[in-house]
């Protein structure tokens, strides 16, 4: 079995879930890696500290798309704090530390052996953190 | 078909490696490494001005390297400046030559297919001087629009910088004609030979450009060294680039005079071993013979172009009639980084990305491309291995 | 006394060589050459952005080299820029940093004992900007006039560039104090560590200069590589130096964005093998231990200073209480070039000339000097051999 | 015997003959090697195509001083054409071609094995050629 390109990754990489715009978003953030061209925008609808809806748009390699897709699926229903904890766990996973309880996201564990690809997998997660660090866009205005 | 493969020690360590990334940097031949080790163990001292034996032979080897590099490119060694590589050479010309006369409103001609090394220094210079960067386009096959080039000249045109061979498309540009056209307008021209030097014969005396450059690391030689050829008439007038030891005739706090000739542009202790290794790589290729190298690589290119047709959903960019062994492509629905990663599992080394040629890759509406590039070290098995692995990519992604 | 001599392969080829020119360039240790050969044969590809295994390990090795060099100098690797050598580093600072703010009438402080590498770039910059080069003198023993330095500052002072150790006198300047004084005037300071790096411990975090540089080839390492340390607060503001691939984030014909960090200043394919060899040399010296290196060289210096007294008619320049193993001298009635030639016959390698420090040598009213310089590779026999040969010179010339 | 520093070289190098000014010179030329610091000025008194008197001043290594001294001795009485022919012969000698009939000057033959020193030995000879290429200074004025 291919370490990096497990079926789940190919599936989510080529048919990303939660893909598309989210006009009613409260937070959004662009993730862009100019060196490899991966480029996505993440939209969140957060209400009362809970991530209600997640969408993303963009293009990139299968790893970055799959990572974003798996993340988007997983995030809905989590509180902002839970999302931040999730980020930490995924960060550990991608740095090579075995982490349990991540479900489908564990399919990304093979990436840590390919330093050049780690940033593809982390792109959407860094966008998530960026989005959450902003105050909601409604309050901004 | 691959009688020179044994000269590449990388295959001792990776017998199944299909190294198809020579355009980024070539693997090294053993004799180059031996020459450098010999320099460092038996013939080493700082060069110039040392009176003792070791310094004398090191200086002799270093200057002999200049002669050998000159011979490889059929140029006078007195016009060969050792630099870090093509990038430094182009920066040197932009700074010490073009900057001295470029005025607001002037124009510098480059092309769509330049490497960033032959874009960014001109972009910055034009920006600083409020001059205009004029970009010659190429057609769908990757052939430079020579009519557009011819028509681009006007009295404001003050410099031309064009690549000899595109590192993405493989296109061999008509350097001699490009140079003649620039000359007919009395505009100095720099030719970026980084991709040409190891693959086609380059006769600088015949081409007669104002500037020509290449990097040793793409010529089976060491890192950290390359050369810049400068036409005699410019060499005298050009102001120094970097300054310090090795390039001055005399220094006081009120007055400094610089040396003439190549050393004027070689401030500080040079990359002595690198220059000697570079020369050994040139010698190696002269021994193999450029006609052998060319026919070997052309045969492999034909084979590759034929075989790659058997992979579904590929679009090849760069179909110029006159090209070297570089094939860049996109695979429908699969990102180049995924291709390169899967090929890597099969020990096939190809490059994926923008290849330091973002304006070109973007013009093809691609986020990135996968590039296969060939060298003297390759054989048909490398290509078979690559094609097989590409078919596997197709399979994985159409599951 | 010379247990590390066996690490230097030059002695296999020249068992009787008394190499006393380490200040110009040191002989190499075997492990450095092995590391580079290994890179070229087993771990080679172009760095950055390559997805396949070899490119990945080459990139890893290259970036690990930055970490090792940082460790040797106790500096954050994110502030270590690989350059060709000290000369390029100083040019980089003069161009990308000082040039950006230096105004007509401003002042740049250097000293009498600078190497041309730390004079000419500042001279040119001051000339271009109509700024003033302020020169701190040194006394008859070769000690920098610290009072003059302290008093040289005024609101016009915008840059200081001083050597850590003089390549002619051997004087170890009080770098920490020099830096503190510049800092107290909010003037950025560059320290040229070319002669310090292999002979005394250099703790950049403790010294806290704005810029620090050294060349690998004087540190038992390869040619064509060195480093520039840049203080974090400057790294961001500094405009790129050379430009091309490897240092940009994105390129179009209308807009270019550059990377942040060291890579912003490393345009083009870097000297991959050289950087790795440089790191290996640092590792080697850390293994030997700087305290061993210092005490070994200090003991030899004492012996040399004692022995040289036994040669008639010598005048030694550079008698600072705090100095490394460099002894420059004049012999009455004999030109340094004749001394070096005769010593060469006895396999004693010393340098004769102005040592790229013309303003200093001229201030001593000497046309040139003969210089003996010591390194880890030397032993007492080298000194005996040199002294014996110097006595022979005396004989020949008093016949 | 030392190849480079034969007794004659040491003798002429440390006690150069024909050393000093020549106020009545008709030609003069400076020879200067900034890299090694050798610096001398050659004075010639030429009358009716014959070099009547030669003097030189300056400082440098023993090789450059000896070469100048031996040259000065030898030149007096030669015609300008003979001097030019002599230059060619010495040039050959210093490039490593054995040349006969040069007398004492042959003591310089060892220099050719030391590439770094050849320019010391040729300095005065190049000054000679420079001086002879000028028209006499009297005519110049």
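A, B, C and D label the chains in the order they appear, each numbered from 1.
Note that a residue touches a chain if its C-beta (ideal position, glycine included) is under 8 Å from a C-beta of that chain, and two chains touch if they have at least 3 such contacts.
Worth saying up front: this structure is predicted, and the values here are computed from it rather than measured.
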Checklist outcome for this item: In contact with chain B as well as chain C, sorted by label, we have A, D
Checklist entry - Comparing centres built from CA atoms, which chain ends up most distant from chain D? => result A
Next on the checklist: Distance between chain B and chain D based on Cα centroids, please, to the nearest Å.
Outcome noted: 48
Next on the checklist: Based only on mean CA positions, could you tell me how far chain A sits from chain D in angstrom?
Outcome noted: 82
Checklist entry - Measuring from the mean C-alpha position of chain C to the mean C-alpha position of chain D, what distance in angstrom results? => result 39
Next on the checklist: Could you pull out the residues of chain D that touch at least 2 other chains?
Outcome noted: 35-36, 114, 117
Item to check | Sequence positions of chain B contacting 2 or more other chains | outcome: 49-51, 55, 250, 337, 341, 353
Item to check | chain D-touching residues of chain B, taken from the complex the two chains share | outcome: 49-51, 55-56, 59-60, 249-250, 257
Item to check | Interface residues, chain C side, partner chain B - complex | outcome: 9-10, 12-14, 17, 19, 21, 24-25, 27-28, 33, 36-37, 40-42, 44-46, 49-55, 84-88, 90-91, 115-121, 123-124, 133, 135, 215, 217, 222-225, 240, 242-246, 248, 250-253, 256, 267-274, 337, 340-341, 343-344, 347-353, 356, 358-359, 362
Next on the checklist: Going by the contact rule set out above, which residues of chain D touch chain B in the complex?
Outcome noted: 34-36, 114-117
Checklist outcome for this item: chain C partner, complex, touching residues on chain D are 2, 4-5, 7, 10, 13-14, 35-37, 39, 59-63, 114, 117, 120
Item to check | Complex contact set, residues of chain B against chain A | outcome: 333-338, 341-342, 345, 353-354, 367-368, 396-397, 399
